[in-house]
Amino acid sequence: MKKPIKIVTIGGGSSYTPELIEGFIKRYDEMPISEIWLVDIEDGKEKLDIIGRLAQRMWDATPYDVKVITTLNRKEALKGADFVTTQFRVGLLDARIKDERIPSLHGMLGQETNGAGGMFKAFRTIPIIKEIVEDMKVLCPNAWLINFTNPSGIITEAVIKHFEWKKCIGLCNVPVIAMMNEPKIIKKQTSELNYQFAGLNHFHWHKVFDENEKDITGQLIEHINEKGGGTPVNIYQAEFSLELLHSMGLLPCGYHRYYYSEKEMLEHSIEEFKKGGTRAEQMKEVEASLFEIYKNPNLNKKPEELQKRGGAYYSDAACECISAIYNNKGIRMVVSTQNNGAIPCLSPDSIVEVSCIISAKGAEPIVWGNMGPFEKGQLQIMKAMEECTINAALSGDYGTALQAFTINPLVQSGREARQILDELLVAHEKYLPQFKGKITELKKQGIASKDPVVVDLMKNGH
Amino acid sequence: MKKPIKIVTIGGGSSYTPELIEGFIKRYDEMPISEIWLVDIEDGKEKLDIIGRLAQRMWDATPYDVKVITTLNRKEALKGADFVTTQFRVGLLDARIKDERIPSLHGMLGQETNGAGGMFKAFRTIPIIKEIVEDMKVLCPNAWLINFTNPSGIITEAVIKHFEWKKCIGLCNVPVIAMMNEPKIIKKQTSELNYQFAGLNHFHWHKVFDENEKDITGQLIEHINEKGGGTPVNIYQAEFSLELLHSMGLLPCGYHRYYYSEKEMLEHSIEEFKKGGTRAEQMKEVEASLFEIYKNPNLNKKPEELQKRGGAYYSDAACECISAIYNNKGIRMVVSTQNNGAIPCLSPDSIVEVSCIISAKGAEPIVWGNMGPFEKGQLQIMKAMEECTINAALSGDYGTALQAFTINPLVQSGREARQILDELLVAHEKYLPQFKGKITELKKQGIASKDPVVVDLMKNGH
Amino acid sequence: MKKPIKIVTIGGGSSYTPELIEGFIKRYDEMPISEIWLVDIEDGKEKLDIIGRLAQRMWDATPYDVKVITTLNRKEALKGADFVTTQFRVGLLDARIKDERIPSLHGMLGQETNGAGGMFKAFRTIPIIKEIVEDMKVLCPNAWLINFTNPSGIITEAVIKHFEWKKCIGLCNVPVIAMMNEPKIIKKQTSELNYQFAGLNHFHWHKVFDENEKDITGQLIEHINEKGGGTPVNIYQAEFSLELLHSMGLLPCGYHRYYYSEKEMLEHSIEEFKKGGTRAEQMKEVEASLFEIYKNPNLNKKPEELQKRGGAYYSDAACECISAIYNNKGIRMVVSTQNNGAIPCLSPDSIVEVSCIISAKGAEPIVWGNMGPFEKGQLQIMKAMEECTINAALSGDYGTALQAFTINPLVQSGREARQILDELLVAHEKYLPQFKGKITELKKQGIASKDPVVVDLMKNGH
Amino acid sequence: MKKPIKIVTIGGGSSYTPELIEGFIKRYDEMPISEIWLVDIEDGKEKLDIIGRLAQRMWDATPYDVKVITTLNRKEALKGADFVTTQFRVGLLDARIKDERIPSLHGMLGQETNGAGGMFKAFRTIPIIKEIVEDMKVLCPNAWLINFTNPSGIITEAVIKHFEWKKCIGLCNVPVIAMMNEPKIIKKQTSELNYQFAGLNHFHWHKVFDENEKDITGQLIEHINEKGGGTPVNIYQAEFSLELLHSMGLLPCGYHRYYYSEKEMLEHSIEEFKKGGTRAEQMKEVEASLFEIYKNPNLNKKPEELQKRGGAYYSDAACECISAIYNNKGIRMVVSTQNNGAIPCLSPDSIVEVSCIISAKGAEPIVWGNMGPFEKGQLQIMKAMEECTINAALSGDYGTALQAFTINPLVQSGREARQILDELLVAHEKYLPQFKGKITELKKQGIASKDPVVVDLMKNGH
C-alpha cells in the first residue's frame, strides 16, 4: 500500500482554498491524505486562519481523519511533502489593483495575465517561486509542484526550464470550462467527444471530434458567439469572426478575443474602468464578503458564492491531476508542461499548454503537429514575449523588460508604454528587488503614478 | 447503434490469417463484424481457398454469424470496406529467398526488413500499395488501412506521406513481445508498468517506469542478455554491451543487435546460411506444413503450430487496434504513424513508431522529446535510408537505389554491394517495372545471379 | 567575350526609370547593354512615351550605342531577355491613394508596405507577377528577375517559392541608405566598416564592425535619434529607446519605428493625414511635376528633382546587382533571397533580406545565426503575416485575408479592421479578380467607402 | 597603422613548420610579423631546436627582421599573442602507430581522422586543447586560434562549443587540393570557377559553377576516377560510382571513399598493413629523413621533400586565413566554423566545414541550404559520432566511448570493436587521464595489445 499523502498549499490563505479542500474530500477514497499544510505570509495571516479553520471543519464533517495545519513557516511545511500546490499572489489583490489601474489610466489594457499586468505579476512571482523550488530541492526532493499561480504558463516555464524542477505541472481552468460547456450546446456529453488542445496558457486552440472520428469543430464554431459557451465569465464577449475561425478550423480560447478583437476589447476595458474601476477592485470586495461567509463557525462545506468567481474549477482540476499522478491513471487532461515536440514550431524545451496523458510519470503531451502560419506566427510571438518576461524577471534588466512590453501584442508600444512600465516599476518597488537600481533612478527622475488609488495603496505600505 | 463492420484483408491467403480471425472472434462482442473479405492474387489462389475455408469453419464454431468471402477481385472486395488490413507479400516467399540468398552468397546480410532484402521488399511493394490506395480513394474513402506488410514503417510512410492516405496505421509485433516478456523477468505484471517507445519500425528504444513513477529501465537492462526477454525468436541473440545501454538509459529492440553487434550478427548469419540456407527457405517449409494442417476439415480454431512462427501477435495487435478505433477506446499502443513532433529530431511529416493513444481519431503520438547524439544520429540515418528507399521505389532511379544501399548501415558499401544490387534487380525483374530500363541494361551486361536456387526459381517464372 | 545584354523593365513608365538608366550608363564599360525594353500597360502609355524618349536622349548623350524600345506588348519584350526588372504598380498611384485613405479614415495606419496598404498591394500584384513569371518560363528561361516592386519581400517570396522561379532577387534601398549615412556620423568611410544585415524586407536589423573586428553597433545606437541617420526620409522619426536597442545590441531599420513606437507613429500618421491627405496624394503631385520636367526635349540626364523622392538608390542598387551577376563579382550586398538557413528561426525556403555574396550564381546569403527571443518572435510573426498575405492573394479566401489583417502588428484587429478590409476589397475590385465572389457579396451588403476621394476615383474607373 | 603581429605555434617542432614559415614570409608585406614563438614539449625538444634554427635561417634569408623563439614554456609564449596556431600531436607519431596498428590487427580500419584512430586522437587532444584555451583566456584574450591539429573539426567543436572560445577557425588542406587540381582537368583556372563546399571536416561535398553561372559539377564528376584529381595522395583511390554521384549532383571529398566504398577501402588498408605496416610507421621514416635535411645549416628555405607529405598546403592555408583576418580581406575560404544555419539539418551551434567569407570578423559561413536524404543522413550520423567522441573525451565515460565506436560507420560494431577500444585505452594510458578508472579495470582483466610493435613502444615509455 502506498503511504498517505502530505499536501502543502503555498498561498493557503486564498479564498479558493475551500474548492481545493472539497476536491480532496471527494477523492479521499482513491487518494488518502494525511495532512494538509496551508502556508502563507505575515500579511495574509488573518485570512489564513479563517481558511484553516473552515478547511478543518470541512474535513471534520467527513468520515476522514485529515489534519489541516496552518503556518507562516514555509520550510517546516515543505518537509517531506508529496504534492505542493502554489496559488499565492505576491502583493495580494492590492498589487493587482496597481497592475490594472496604471495601464488603464494611460488608455491601455491592464489585462492581468498576458498583458502589462501579467508581465508584472511574473516579475513579482518568479523570484519567490525560485525560493520555493530551492527549498523543495532540500526538503522534499521527490514532491510534485502543481502550479496555478498566474501567469501559470510563464511561472511553469521558469520552474521547469530555469530552476530545473522537472516535476512541475501548470494548471488552468479555461480548457476545463470549454469542455464542460461546449458539449451542451450541441446536445452532447463531454464523454462522447474527443478534445485536442494546443498552445500556451490563456492562448490555445482546440479541435473537437465526435465518437465517429468526425471533426465537429466547424459545427461548434457556429455557436461560439452565443452566451454560455466556453469563455470564462470574466472575459468580455466581443464577437468572433466566424470566417476567420473557419479558415483556421480551430476553436480559440476565450482570451483570444484580446488578440482577434483588440480594438473592442480595449474600448470595453476602458469603459468598464471608467464606470466601476478595475476588476481587481471588484474582486477585493468579493473576497471580503467571501471571508465574512467563511468565518461562520457553522459553515463546513464550500459555499455556493465561491463558484461565481472567475477561477472556478481550477482547484478541482488540481485535485484531479494529483490523483491521476498518485494512482497512475493515464487520463487525458490539458496542462502546462514541457513541449518536447508536441508543437513542432516551438522549442522542445518550451512550456506549452496541451492535451496530455497524466500518470505516475507526470504529464506526457500528445502531439499536435504543424500549424498554419496564422496560429504559428501568433504562438511564436507569444512564447517570445514569455521568454522576454522571464529574462527580465531573472535579470532585472530594464531593456529586457522593455523588450517584453514592446513585443506584447496587448501593449501598444512607444513612449506611453514606457511610461506605464516605469510607473509600474516604481509602484511595485517593494516586490521587485531585482529592478532596484532602475527603480531608484526612475524615482530620482520623479516617476510615480499620480492615480490617487495607487498613491493611497503605497502610502499604506503596499 | 453503429453499423456492423466490413473487414478486407489483402493477402488473405497468408498463413497468419487464422490469428487475425481468432482476434476478431475474441472481440466480436465489442466489435460486431458482418463480413470478412480475403483477397489474394492468382498465384495464391490455392492457399486463399484453404484459408477461406478454415476461417469460415472458425466463425461457424462460434455463436456469431459472420461471412468469410474469398476473392481475386480486389476492387469488388474494397467496396464499402470499413477496415482494410494489408499482409501481402509481392512475389511470395520465393522473392524473399532471392532477397536473402543473393546478399548471403556475397558475404553480406540478407536481412529481410532493414537490410538489402528489406529495401527490395519495399521496391516491390510500394507500386502495389499505391494501386491499393488508389482503389480505396474511390471505393471506400472512409476506411482505415492497417498495414502489417513489411518493411512496415517504410510502407506506412509511402502510404501516408506520398500517396496521402492519412487514415493508415502500421503495426509490428516487436513492441508487443517486449511488453509481454520483460515484466515477467522482474516479476511484474505488464499492467503495473508504464512503457514509452520511440524510433522507427524495427529500430526503436523504450523506457520503462513502475507504478511509483520510478524509471526501472536500468534494472531491465541488467537482464537483457538472458533468454526469453523481449527479442523476437527469429533474431540471433548476440550479446549487448550493458555499459553501452546504461550510457543511453534505454532498452533497445531486438533488431538493434544488427547495429550494435554488426560483426557477430553478420558472421552468424553467414554461418546459418552455410548450414541450412536462408530463413526464407525454412519458412517455406514451415508454411507448407501449416497449410497441410489448415486443410484438415475438422480444424476450426487457430492451430498451436502457428504460434511458433516469427510473426506471432502481429494479427492480434491489428485486431486490438481496429477495436480501439471503432470503440474510441483511447488506449495506449505502439504503432507507426506520422511523427508530428513526437521525435523532434525527425521531420514532423515522417512516419515513426511510437507510443500512441488509439481512439476514433486514429493514432495520436505521445511525445518523446530530445534524444542524445547516439540515438539521434542512428535514427536520422535510418530515416534517411528509408527515404532513399522510397525515392528509389517511386522513381526507379538506379543512382537513388545505390544511395539507399550505400547509406544502409547493414550493407557494406562498394563494388560488391553494387553487384548485389544489380543481381537483385535482375532477379526481381518481374516485380520491378519501375526499374525496367536499368534492368534491361544490366541484363545486356550479363548480370545475373549464378546461384542455382535463384536460377531455378527464375526458370519457374518467379 | 560575353554577348551584349538585353534588359527588360516592366513598369518602365515609372518616374524612377531615369535613375535606372543612369545606373546602366555608369556601368556600361563593365556591362555592355545592347537594348533596353521599357514595358507598360495601356493606362501608362503616355508616361511610358515620355520616359522612353528621355531614356533614349540619356543614352544618346553618351558614346554608347544603346537602343531604348517602349512597348505595351510584354511578351514581345521578354523574348530572349537577360535581365528583367520589375517596378510596376498595379492600379498606379490611385490605388495607393485608396490603400492609404481607407485605413486612415478609420483611424488606422495606411502604411503602404507592411501595413494594410502593403497587404492590398500584394493582393493586386501577385496575380500579375505570376503572369510575368509564366511568360518568362517560355520566352526567356535563363533570365534573372530583379524585383523592386513593393512589398518587395512578399513579391519575391511569391516568385521564388510559389511560382518556382529561382533566379529572382528582391531589392530595397533601406540598407543602402543606412550604409551610406551611418559611417559619416562616426567619421568613418563605408569601406572601413563591415555590415551584417538580417531580417525581412522593411523589417531587418544590422550589426556593424570596424576594421579591427570591433563591434561598434553600440556606438552607432547612441546616434540613432539624430537627424540624417540611416532612416529613409519618408518615415517619421519617432524616438527609439536606446535602452531597448542596447539590450538587443542591434541597429533596427527605420521601419522598426512602426513596431517599437506604434502609438506615436499612428498618431503622427493620422495627424499628417488630417493636415495634408495621404502620402500617395503628395506623391501624385510630385510625379506630375517630375513628368513635366522629363518632357523637356533638352533634358538628357537624370534630373536632381528625382533624388528627393523616397525611393532613391533603389535603381542604382539594381544596376549594381545586375553587374555583380554578369561579372561574377562576388561582392557583398543586402538583398531578398531564399533563406537556406541564414536565419535558423525561419524556414529554409522562406525569403529573407540578408547580407549576401552576389556573383554569377546569384545571391548566396551569409549566415546570421540564432536570435534572441525579442527579435525572433517579431520576425516570426512578420513572416507569418507575409505567408498569410500570399495565401490570401493566391486563394482569394476572405478568412485567410482576415488572418493576414489580424496577425499584422500594424493593424488593430476587430470589427473596424474588418470594415477596412471590406472597404478596400470593394474599392480595389478591378484589380482583385481572385476575390470576386466575396466582393460581390460585400457590395450586396452595401459595403463601400464613403470617402469622397475614393468615391471619385472609382467613378473615374479606377 | 596596425601593430606588428605576434604568432605562436603550439607543436612548433612539427615537420610542417617550414611551410608555415614560408607562408608568412610570402605575405610579410601585407602582414608584418615581429615574432614567431614555436612551442613544444620536453619530448619534442630536439626537433623543436632543429625547426627553430631552420625557421630563423629562413627569415634571415629575407629582408625582414623577424625573430623566431623556441620554448617549452607555453604560458610565456602565449602572453600577448595575436594568432595562435595549433599543430601538435599528443604522443607524437608513436601514438598514431598504436592508433593504426591495433585496429588493423583486428581486421578493421585504423583510419587516423574519422575512424578508430581519429577518435582516440580526439580523446588525447581534447584535454590538452582545453588547457591551451584556459591559458589563452588569461594571457591573450583577443587572440585568434587557428587549429590544424586533427581531427580538425572535432577539436574546433570542442574549442568553440565546449570551451567557449569563439575566435577559433579550423583548417584543412582537402578543399584546397580540390580547388587546385580539379580546374586543370577541365582546362580552367581556379579563378574562373565558383566553388561551394559544405559538410564536416574530411566529410564534405562541393558544387562547382563556371563564370556563366552554369553548374559544371556533373562535368567534373565524369573525371573523378582519373588520377590527379582532388583526392589527397594519401587516400587509396577506390572507384566512385558515377551513377551515385550524379544522383546527388555533388562532388564528394576524397575521404568519402571510406563511406561509399567501405569494403575496398578496408581490404586495401589491411593489405597495405600486411605489406608495409601502418602509414604512421612510414611517416615516421619520412619525418626522420626530413629532419636530417632540416639540420643542414645551409638550408634556408622549405625543402622540396616536404611538399610530398600528405599535409601539404595546410600551413599555407593557415597563413592565408590569418592574413584575411588581419587585413579584413573578405575573401572566400573553406574552413571549420560555427554552422549558424549554413547547413540547416545540423544544429546552429555545431561546427561545420563550409565556404566562408574571412574578414576581420572571422569566418562567416555562406549558406548551403537543405540537403537530400542521402547526404543529410550521413552528415547527421557523422556529426553525432563527433559529439559522442567529444562527450567521451570530456567525461572519460566508457559507455560513451562505446557509443562513439558503435555509431562510427568506419568501425564494425560488436565484440571485436570493443576489444579494439579496450586495447587502445590501455595502450594510450599515459595520455588519457580522464579514462584512468576504466583503464585500471581493463588492465586488471589482462587487456593489452599483443602486437610486438605496440608492446615495444610501451616498454619505451610511450
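Every chain is named by a letter (A, B, C and D) in the order it is written, and numbering of its residues begins at 1.
Note that a residue touches a chain if its C-beta (ideal position, glycine included) is under 8 Å from a C-beta of that chain, and two chains touch if they have at least 3 such contacts.
Being a predicted model, the structure only gives us computed values, none of them experimental.
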{"item": "Contacts common to chain A and chain B (chain labels)", "value": "none"}
{"item": "Farthest-lying chain, centroid of Cα atoms versus that of chain C", "value": "B"}
{"item": "For chain B paired with chain C, centre-to-centre distance based on mean C-alpha positions, whole Å", "value": "55"}
{"item": "Chain centre separation (chain A, chain C; CA means) in Å", "value": "44"}
{"item": "Multi-partner residues of chain A (at least 2 other chains)", "value": "none"}
{"item": "Topology of the chain contact graph, where touching chains are joined (line, ring, star, complete, other)", "value": "ring"}
{"item": "Touching pairs among all chains present in the structure", "value": "A-B, A-C, B-D, C-D"}
{"item": "Chain A residues touching chain B - in the complex, by the definition given at the top", "value": "2, 194, 196, 209-213, 325, 328, 330, 332, 338-344, 348-349, 357, 359-362, 364-370"}
{"item": "Interfacial residue positions of chain B with respect to chain D in the complex", "value": "238-239, 241, 243-248, 259-265, 373-374, 376-378, 380-385, 387-388, 391, 397-400, 402-403, 406-407, 409, 412-418"}
